[in-house]
């Protein structure tokens, strides 16, 4: 949690839509910080822990959004789900208006952020893109890294709310597409690091050096940082548990990277490779593992 | 400098061959630690600072090696130079014998290490592969990370000497090819990280986000480690100074990576890509910049 | 022109929408074969040569389609244009009904074909995907290769019309997505051949062998076929004229290839590479050349 | 067989070294054309069919070369074998002298050709690089395509001999490295075509279009040439028989391509990919199939 004045946070109600592992943890922190929540989730059962702590269950996204402080947070699986909840039947676009801000915190395409921002502005409401880095445990500990971009007034308005959810807020300016781009770039960089470790560890292994020895050296020296330490452990052991984000889910993210790269005219050969590795993993039916498991493709191609 | 008993180090003479930026700094630390040095370099002028501090200049690698404690350290540009100094005219192979150990500290092909080890064993001498991670400033500060592999007795014998040169010694076992493989793997991983940052930063930049903002976020969170921090700064600013290792030099290392990977039957697509980027950089005549400048190829391909 | 019974072709009127270089040549052949045409083009001026030969100009796609035999041919730049003409304001979807068949002859996404087929079936009409291989001169000479797929009855109905436009009709079954896939696969294979020639010719050139010598040998022996002969000449001379399809246009096709490949879960690394080459070409602002010019990226990366 | 004056060919003896499938067929044609042969092979049994037709068996490469007309033909597996037969114990370099020409007809590294040419010139002898395109059946039918380069006098001298072996002689100039480069470039282009067909056919197949339908269309239209027709059949059927060159053998060729490309500073990403596919094939222990089988890697990565 960041040290931001909490005055504004005393009593208002926030609409929180999307209660997966991440959303649930984040919503819980908002309750702890004193916010009232009106929540909605496709499968309402997931909301139970929040309802027990005082949150209210809405019957539709519209109902959740309509009755709030004007802040609507969405944390959904993909752009399709988000667009449906905004623009579909029962979608909350119809209730957006002056004084309201929609904070989109899931990983979405930069074009989707642009489209939503344009739509919301047309209704007099604000849109803030605020995708996060961090796994469910970081979400629960309010240790997310939050990237924000969008209208300055809207960002200022929601800053205290975001301060409850993360320990770092990085502002990427007014362009609503900026923060989603950074989120995609970060996921891509993790994928690239996984691939690089896979190639390096496999080379060492086939030369007779145990993978974990390589990982221990690099993750405690030149690459002594969370990505190499956390993913390196899985890659060294070739045990891709616990299964966080699935190969299929992050493959979707890599598609968003490549689509955005195509739009911005940036050839990204390593992103193409990581996407292809994930495609192979999904095509082979690999399941129940963390997405890091795509790195097994390196071992397979080396006959291991 | 590591805390290793220095008893053995009181007075013996070490032959030190190869006085480039790295070698000079390392040799200086050996003098500081009380070792006597007999040095040789192709251009003898470079030895002056050491001679002023008491080192002796040898007229040939053979002369340097013959008169020592039995420890010969080589720190040369490439495998060709090393092989020439060992096996060529005036090469020191002829004076190797029981009680002597050759420590090869430059980046060499694993096969070269194997061949030298086999050669030296045939002469009753030992071979220790001990390539290092760290730039000249780290060498000067005795803060190198040293990877060793080779004959256990030889390694034990030279451990105190290596302790003077670095702050971390990572042992990769008996196979002389192991440590050189780890060194190549590490350089490859740095190259992969550079490429990944280049793709990510360029995507952000073309979406309107300044490169340095991306770098600041990632190098202080998920990627808060030396490689991303140091190289990230150059990539964010697109100013590839100071020029450490040249594109041509590290391109040579990437060839060694790919040759070793071919021999061990490990497809390494990112290594191929990094090699190709460096080839393009060299082919275009780019000079006077750090090898990190290969990442400009990403910008160029994106029309920047 | 294929030898197909022409009975059905005696007098009926066909709606022809899209009069670019290809469409104009194809429509001309239909007039020659005795069909009456009702044509529409975004810029009506292009229709003049056809009007002089008796074709009628429609004021909208709807008007063109409504007054015909029930056969509507579309030959448009991209999926967006096609969807607009079908479903947009003045689009002809509203007039489709029993007895009508829409033949889509441009290069479109397989998913677009599926969506159009589903839409048309819902209206009682038929949809035939019939993309073509061949440049405008082949279109003018009725020497197109036409790939068809879709509903068998609809295909049978339009076979005589297609016979007028090409000299080869290849049937890929009932799936409307099949023929568009083959068209994309073919364009990809051409792109791959261009890239391969570029790499091979550049290697030869930098070894001192003139590019045209390599091209002459291969295009008259192992690779004695139109793609290598026609594109090889441009690549050997590095003169990418006449400018047929632009880099931007075929880049769009390669995006369709990659999107379809992602959907079908097929990693296609060479397609990714060709797409990236085209992206670099477009990003650099290269214009007025044939798309083959993407192969200059090979030369550039080799310092030429 | 090409129409070249055969005067010079009346009776002279040629040394023929290397009697694999290719060499045996070629040597047979020389006998048919009236040449006397002195042959050598590591396993002498292979020479039997030639001995029965009048060839003489030499006890060493030196003996074979010493007694000839001054023309020595080598047709060996790789550069190592060639260098051994030239420079090793019993190697024929020692007997080379004025009036002699060594024709190297196997696939070798351009640098090896350069080194041999320099060596032979130093002895007053000539060197002609004359690698061939064609399988054993083409060799038997004297329908090889022969690429030559080297000293003009030496080339003129051996032209009638080469005319017996092939139906097309392509001269790439004086540089002994030129013809070997073209041979490597050609093998690379075949590999690229195989990969491209693999990606295209797999995309079609996963869209429901049988592979053979795609192959039939393309190999009879845009790609109606031997490479696509012959390899396409194997790729369409996924039956990689008969096993011509093995994956391991052509992987060696692709290493030569990449080594030469590195030396000439030409990034060749498709060559890297084909090499990696072959590496995966070899690493997995795939045997008894034609090298075309590397394309199975495409299917595997698509979950097929």
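Chains here go by letter, A, B, C and D, matching the order in which they are written, and residues are numbered from 1 within each.
As a working rule, a residue touches a chain if its C-beta (ideal position, glycine included) is under 8 Å from a C-beta of that chain, and two chains touch if they have at least 3 such contacts.
Since this is a predicted model, take the numbers as computed values, not measurements.
> Using only Cα atoms to place each chain's centre, name the chain farthest from chain A.
That would be chain D.
> Determine which of the two chain pairs, A-C or A-B, is joined by the larger number of C-beta pairs in contact.
A-B
> Compute the distance, rounded to whole Å, between the mean C-alpha positions of chain A and chain B.
39
> Using mean CA coordinates as chain centres, what's the chain B-chain C distance in Å?
About 55 Å, centre to centre.
> Could you list the positions in chain A whose residues touch two or more of the other chains?
Each of 265-269, 273, 276, 279-280, 282-283, 301-303 in chain A touches at least two other chains.
> Chains as vertices, touching pairs as edges: which of line, ring, star, complete or other describes this one?
complete
> Note which residues of chain C are touching chain D in the complex, please.
110, 133, 145, 147, 168, 170, 172-173, 175, 177-178, 181-182, 184-186, 188-190, 192-193, 195-197, 199-204, 206-209, 213-214, 216-218, 221-228, 257, 260-261, 264-271, 273, 298, 301-303
> Inside the complex, what are the residues of chain D that reach chain B?
Residues 255, 258, 262, 265-269, 272-273, 275-277, 279-280, 282-283 of chain D touch chain B in their complex.
> Hey, which residues of chain A end up touching chain D in the complex?
276, 279-280, 282-285, 297, 300-303
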